[in-house]
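The following blocks contain the structures, represented as structure tokens.
Both complexes below contain chain A, partnered by chain B and then by chain C.
Right, the complex of A and B next:
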């Protein structure tokens, strides 16, 4: 679409502002984490590593970090297995029941967090699952399941089923066919599902706030209670560490993917 | 079975697959029933049965002006967030379709970077930025707007929520705009329409499916927001989610909290049901083009 120079200029400016609005809050934590004083006033004063030290040495922070890693790893595996199986089942069903079941399995995405949280809390109180690893893993798995289902289903949609028939006609059993033909081809979907499931669990806060107790806290819960309790810049240090970890992971992944694609061409 | 036998599946095999395909979804369905279905049912039952059977919790909810104010505010804030998202996302998504691949990559990264940081940390950033002694207030003060309060106000909550939800608006909008045939706009121009008229009569209607899709997602997600209003809001910007939490965790009023939760749940599903046919037909129109 052609535009007058003035329109173009305004469009560019508006978009620049939107981009800043999107990104700036993400980066604010970085300078805050080196604050010398125990305050969250911006701009920060001086320079110190003490909040990083606090994160590493204060058991409140390090334990909740390890808890989150533990929960998220278990959730990633469980949700990926259940989600992949379900995606296969739905792929091979008639359209009508498949659509109905798919909608059911996507409900965790639209149910308001707090409603789900009080429901799960009520059930966990009876089942004595509050503050347990099992409780966290089950709740997070159901929240992560839709992401795995979507990722794997998208891959199955473009998967050519005749390849399985070809493998079978050459004498491969169902399991061999799956292992040597189907699995390698839908692996990208499964892996991205795994990553999404991990991220969902690692970041989950609303349900976690209800099913937590002093014995088992995940990192978001610890961050939330720290924010509501006092102005502790350790939160900013944690945010910065997470930001850099994700940047390295995603950057590395993109580099690897790019290299692989180039190698193939 | 010999390897040279025909490979079209027999009726028996197909029946076997049908049975097996249900079995494959069974573990996920069981977990879904146990961790979503059963808890939601528990909440519905509690809202109807505590302290005794009846509709008293719903009568209480719709009878108290405080609750209705919060209900109305929840819808108002969500509507504002949706409006802000549409207004910011539209030019942004359009620019994404209009620039070269390099600039587009930068624009896409700006949309995705907020996802890299934990949601709670992002809200903390907003607390830092919006606080009374924060950057934005200092800027406003030096620009002559003294005494503007952002944190613990509805404006602050809308700013924070819209930033979190903006990507959900930009991405569907971009995917629709990407498919719009710009030759249609050129055709309108060649027939003598001014650029603004060509935009409003040709481009805008074609991009509406994306606006609808994004707006519905943003509005529904905003209705259930809990963390952002809890940290950025004050007593005058309480949303329904916070009220539910107070009833259940602080007052141990499971019946009342449950009733509020059910109201929120029903509102969400009614909106989804209303939106589904609209969105489907719009998409079909866009596809037919």
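Right, the complex of A and C next:
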């Protein structure tokens, strides 16, 4: 259908407004990070790299950043392995119990984070898991698992199981079939699940605030406590770094996937 | 017949094989011997058990009871990936993430064959199906017929003594199907391995097979060459499934040597009788029946009158559907040189009683043929 020029113009303007509205808060952070004064005022005054320097040299910041990386990496691996196995199991089960189990496993997405946090905190106090790496990894895995489950399940749904029968007829046992046929074909789902799991853990704040202690802080916890204590523009510097890192990561991933798909069609 | 065929194919022995899903019997005591190097077609309507039989041989389905020997050895309980049997599926089942070359190399890689040898054999298999120039393409870049040829190459590249094909041409159009039938026949001749082919298309079965096993409701009705099945059907079901046929039903009178059938007041007879208590019907092949205008002189001992219900021009002649007195339909073929008849015209059908095949009536013959 051909659009009238005026309609097209209005549509374009509306889209632009929505786009600005969506990214504006993010873009405010970038200039703030170069502020010369120790203030979170906007617009910022002057220009300096000192907050980036502070992020790199202040052990409070660098340690929490490394903690977050450590936790998120472990969560990504654990949630991806468990989520993929769960997706497989559900895919090969009878429909009715599978749907029930699936709903059960997706509850962490629906239950309010605070409720979950209170529950986890209560258990962790007894189990002495507050402020431990294990505690963080376990808690975040609960939250990340649904994302992996959804991503892998979506891929399994379009996966043609008759290919596994064909592989068997050609001499491949169950494990070889999985490695050479099933896994490569559902890899996009597994990778996007991995990415989601990493991101979920990396910027998780609600549960983390409950189970943190002075000895183990993740980056979001550090950001939160820093901004409630004083107006330190290091927060803005961290935000800017994360913004660019995620943009490159997601953009690169999309480019790779796009190329892969083109190669096959 | 084919010099390379010696000992390259495996024999298959199915002995009273049954497969039940709950109370439904998908296979009900199937026994079948397939000779080494034979082209055996399993023919039947959908749900008749032919694909289940193939799946049992391939190892995709367990048997409930009975024994199955491939190459003289029992394979009951042996998983599919250890049977060394090539399988071609209706839906091609090529791996979409591998090129044609890697698809065909897949079974060789699994068998630990070195790269040089692998390359040679992949090239040979692809040449055999005339897809040698496509090794670097992905399956999604190929047409259905091309994909199926690649799937065939992948199924024969590891020299299995037995190749199973499950309606491999079912998804292709008629012209391509006919051409590929001849290709499959040629490949069977060149390889000399045992082929087991599943189809519901009786013409395809006649073109391809050394022998055909006709399936109905989980049982084998008859096994034989195409000619045997056409000329000497053992059951009414087989007679109706293979080729065109007319079935005459009527009031039966049987004496020691002949059987008479009265249909809407007209009586025809055949010089034989059916053993046992079964209710007999007569099966007639279209080319054994002559069609005449009433009152004309005619050969043959039996006469039935009817009206033309459908006239179909076939190029090589004409085919008529004639409505008989009792409302049933007879099929008659007349040669190009013969007279032609118009719709609604009254005609007389003449045939020799010796050409009529007497068979026990079988209600499943009609219901499964829709």
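Keep in mind that, in the parts below, the second predicted complex is superposed on the first by the 238 of 265 C-alpha atoms of A that agree within 3 Å, B and C clash if a C-alpha of one lies under 4 Å from a C-alpha of the other, contacts with A are read in each partner's own complex, and residues count from 1 in each chain.
FYI, a contact is a pair of C-beta atoms (placed from the backbone, for glycine too) under 8 Å apart; a residue touches a chain by one contact, two chains touch by 3 or more.
This is a predicted model, so every value here is computed, not measured.
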Which partner reaches more residues of chain A (counting touched residues only), chain B or chain C: B
Looking at the overlay, what does A:165 touch: chain B (first), chain C (second), both, or neither? both
Scan A:181 for contacts with chain B and chain C and give back first, second, both or neither. second
Between chain B (first) and chain C (second), which, if any, makes contact with A:25: first, second, both or neither? first
Considering only touches as defined above, state whether A:133 meets chain B (first), chain C (second), both or neither. neither
Is A:254 contacted by the first partner chain B, the second partner chain C, both or neither? neither
For A:173, using the defined touch cut-off, is the partner it touches chain B, chain C, both, or neither? Pick first, second, both or neither. second
Just checking: does A:227 make contact with chain B only, chain C only, both, or neither of them? Give me first, second, both or neither. first
Which partner chains sit in contact with A:56 here, chain B, chain C, both or neither? Use first/second/both/neither. neither
Residues on chain A touched by both chain B and chain C 165, 168-171
Complex contacts: residues of chain A adjacent to chain C: 160, 162-163, 165-173, 176-177, 180-181, 184-185, 263-265
The chain B residues in contact with chain A across the complex are 3, 7, 17-18, 20-29, 31-32, 34-36, 38-40, 42-43, 46, 88-89, 91-92, 94-95, 98, 107, 110-111, 113-114, 116-129, 131, 133-135, 163, 166-167, 182, 185, 189, 195, 198-199, 203, 220, 223-224, 226-227, 231, 241, 244-245, 248-249, 254, 257-258, 261-262, 264-265, 268-269, 272
Considering only the defined contacts, which chain C positions touch chain A in the complex? 58-60, 79-82, 84-87, 89, 91, 93, 95-97, 106-107, 110-111, 138, 140-141, 154-155, 158
In the complex, chain A touches chain B at residues 1-4, 7, 11-12, 14-15, 18-19, 21-26, 28-29, 32, 40-43, 82-83, 85-86, 88-94, 101, 104-105, 107-108, 110-123, 138-139, 141-142, 145, 149, 165, 168-171, 202-203, 205-206, 210, 219-220, 223-224, 227-228, 235-236, 238-239, 242-243, 246-247, 250
